[in-house]
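Below are two complexes that have subunit A in common, paired first with subunit B and then with subunit C.
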Partner chain A sequence: MVTAMGTKVISIFDAIGEVSYLILKTMVALFTPPFRFKDFVKQLNFVAVESAPVVVFCVSFAAMVTIIEASFHMKMVIQNDAMVPGFSSLLIIRELGAVITALLVTSRVGAGLAAEVGTMQITEQIDALKMLGIEKIRYLVVPRFLACVIAGFTLTIIANLVCLYCAMLVSQFKLGYTFGNFLVGMRTFVQFQDLVFSSIKGACFGAVIPIVSCYYGFKCKAGAEGVGLATTNSVVTSSVSILILDFLLSWIFSFFY
Partner chain B sequence: MKSETKVGLLFITAVVMVVIFAYYLGALNPFTNAHELRLAYNYAGGVEVGSPVRVMGIPVGKVKSIVFRPDQKMESGEEVKLEIVITVDKSAWKTIRTDSRFYINLAGVIGEKFIEVSPGSNEKSEFAPGQLVRGEDPPRIDQLISQSYGLAGKILEFVEKNEGSVIETINTMNKLVTNLNKALKQMEKVQSSGQLRNIADDWVTISDDLAFFTQSIRSEEGKKTVHLINKLIWRLDALDAKAIKKFLQEEGIKAKLF
Partner chain C sequence: MIVEFKNVVKSFGDRQILKGISFGIQEGEIVFILGTSGTGKSVTLKTLVGLLRADSGEVWIDGENVTHFKEKDYLPIRKKCGMVFQHPALFDSLSVYENVAFGLRKHYNLSEEEIHKRVTKCLDLVNIHNVEDKLPQEISYGMQKRVSLARTVAVDPKILLFDEPTTGLDPITTNAVNQLILNLSHTLKTTSLVVSHDMHCALDIADKIIVMDQGEIVARGTPEEMKSCEHPLVKDFLKEALDVH
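What follows is the complex of A and B.
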């Protein structure tokens, strides 16, 4: 049992080391030519543009649920929900928009990336790239990494503002607060830097997805089962990493208030 | 549609959304139509950058910046070390005059701080944009609480030091109240037994008699009587103990009158 635990601990350290190496190599390749602009735009289209409808649709409902629940609880506790538009906006901008967007992108893009890279790994396409003198990280990871970072940043902004609009509609038609009331409440609580911090969070979450997905893709074992496992592991690890990173970033950003 | 176009459209959408958000939040306003005023305070009571400025309860601007000025002095020579720069819409600018006052106030359920500007009188002139004006420092709640604590402590100390005399005073007051209560009860008894009414009736009779007496004095006969009495008193004025003694001795009567 002790041996099994020791092996597990060593494998965790191995994984941390390999991921750190992957991040370092990606960072180096990111700032050194040749740059693969076409691949980057293609990935950006896949990650940002094609994910946008799903993200917007889902976060709208999340925002509506948030404001309705907040109103329900406030009425239950202090028999007044006058502050709900204000602090719901803050909750949406600081947490909801960034985290839900990142989790949706993980489930859509992260799984796809892990399956794609994993399939390339088991069909020896990556070995072929090496034979052609093409660095696998520069060719596969860098465009996806950059696309995910920028998509995370952009989609978080769009998701936040769509969320706010939906919350505004709910507050108008369900809670009885006009758009003006909502905006006044929002101004009381929300600052522009909240959106900036949220977007930075989105970019960081976006960075997690390709690194984790490509790591599991490169480690993919042969067969359909191996690809499936790589995909599952990639989504689970990315989601957990995003939530942990969310805590760390929120804690760091709290020093700026 | 090409991938580049789609990506470009997404970015433009994001940028437009950010600009709209910043505009509604008040962080970005390229079409500003406001003047600035510099308010000097020694205590700002929690006002922050972005807090609203209101004239007669209507929002007309915002707190633009808060600056510490350690060497700042007003024209009167008063040292005022905090400068709050506010913006005021041009539409409300004319209502603010040199006799306007700038209070720091509280609003809403969450106690949002804002600067309330009282409208000035028309006889006074307008402020020049960017002029330095002395604001009204808000009362410091912490100081009030601290002073209340001090006062409560002094009262407690006084009571502790003069415990005997305080108790004595309270006992005396207690006795006084008891006696007063007894007196009131007696009065109530007297009132209920009818004695008070008898006294009142007697007073009425006496006053009636006095009225009759004064009326009879006012008649011709009464006037004559008063005149005679007056004469008699005038004559008797010189009649003292010596005169009576002399009179009685002259009349041969020996008596000890005095």
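What follows is the complex of A and C.
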């Protein structure tokens, strides 16, 4: 049992070392030529543009649920939901927009990425790249990394705006607060730095997705089961990492208030 | 010797795949490595070009000891070596034409016209026509393997490594591939190291045959010497080759 635990601990440290190495190599390749602009644009289209409809659709419902639930609980506890527009908009901007967007992008893009890189790994395409003198990290990871960071940043801003708009609609038609009341409430609670921190969170979450997905893709074992496992591990690890990173960033940002 | 393995050992976890193998290949030779599945043939090829690293022993290519090369040091070595993988290993997002042109664009400063000429010539060599604009997944497996061969040959490697190049191919294409290996060796003095199960092909075109079993070399020699070899595995391979053909 002690041996098994030791092996597990060693494998965890191995994985941390490998992910750190992947991050380091990605950072070096990100700032040194040759740059793969065409691949980056293609990935940006896939990650940002093609993810936008599903992100907009899902976050709008999440925002509506948030404001309805907030109103329900405030009425129950303090018999008054006057602060709901302010609280909801603060919650939306500081957490909901960035986190839900990141989790949606993880399930859509991260799973696809791990499957794509994993398939390349087991069908020897990555070995073929090496034989042709192409660095796998520069060719596969860097364009996806950059695309996911920019997509995380922009999709979070879009998600925040859509969430606020949907919350305003619910506030107007269900709770009886006009758009004006909502904006005044929001102005009281929300500061400009909340918007900035939210976008930074989005970019950081975006960075997690390609690193984790490519890591599991590169480690993919042969066969359909191997690709399936790489995909599952990638989505689970990315989601958990995003939530832990969310806590760490929220804690760090709390020093700026 | 253009390629030399000296007592190379390679393990995956507790399992030793190569148990101290040694062999050498002269320039222009065609050497076949035969053996049953899982005996370390593909591992030998990959260890040669640094896709896998030897645990101990030495690997020499073209007079250089590459055993402890860093990844970036392998670039000029890999330019000298072309490898046809067990899978076609074509890049899914690129057309057949772009797959073959990929290495040319990377390593040579050629005009589009020169690239076109070279790609067309290489596709002709493997008898591939009218599918240049198709994606790999839109053509048959056999065609994918031939395109993979064309991509490897396109960059004019000095040493060609084949990992089961004819597996999954029809007999006519198999003969064409074997003929191509022979032609490249005769006309361009290309050295070929072929991993295969096919003793019949080996007897036809190899200068030297190496037989591996469970990570060890159990027999080696010219095709004529192999025909009189008494090792049971070699005899099995010979029997199968004679039964089939």
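Definition applied: the second predicted complex is superposed on the first by the 257 of 257 C-alpha atoms of A that agree within 3 Å, B and C clash if a C-alpha of one lies under 4 Å from a C-alpha of the other, contacts with A are read in each partner's own complex, and residues count from 1 in each chain.
By definition in this document, a residue touches a chain if its C-beta (ideal position, glycine included) is under 8 Å from a C-beta of that chain, and two chains touch if they have at least 3 such contacts.
What you see is a predicted model, and the numbers here were worked out from it, not measured in a lab.
Of the two partner chains, neither subunit B nor subunit C is touched by A:Leu245. By the touch criterion defined above, A:Ile23 reaches neither subunit B nor subunit C.
Which of subunit B and subunit C touches more residues of subunit A: that partner is B.
In the superposition on chain A, contact is made by A:Ala128 with subunit C only, not with subunit B. After overlaying the two complexes on the shared chain, residue contacts for A:Arg187 are found with subunit B alone; subunit C is out of touch. No residue of subunit A lies at the contact with subunit B in one complex and also at the contact with subunit C in the other. Listing the residues of subunit A that touch subunit B in their complex gives 41-42, 44-45, 48-49, 52, 80, 82-83, 86, 154, 157-158, 161, 164, 183, 186-188, 190-192, 195.
The touching residues of subunit A, counted against subunit C in their complex, run 119-120, 123-125, 127-134. Interface residues of subunit B facing subunit A in the complex, by the touch rule stated above, are 3-4, 6-7, 10-11, 13-14, 17-18, 20-22, 24-28, 50, 108-110, 112. Touching subunit A in their complex are the following residues of subunit C: 46, 49, 51, 74-75, 78-79, 81-83, 85-92, 102-103, 106-107, 148, 155.
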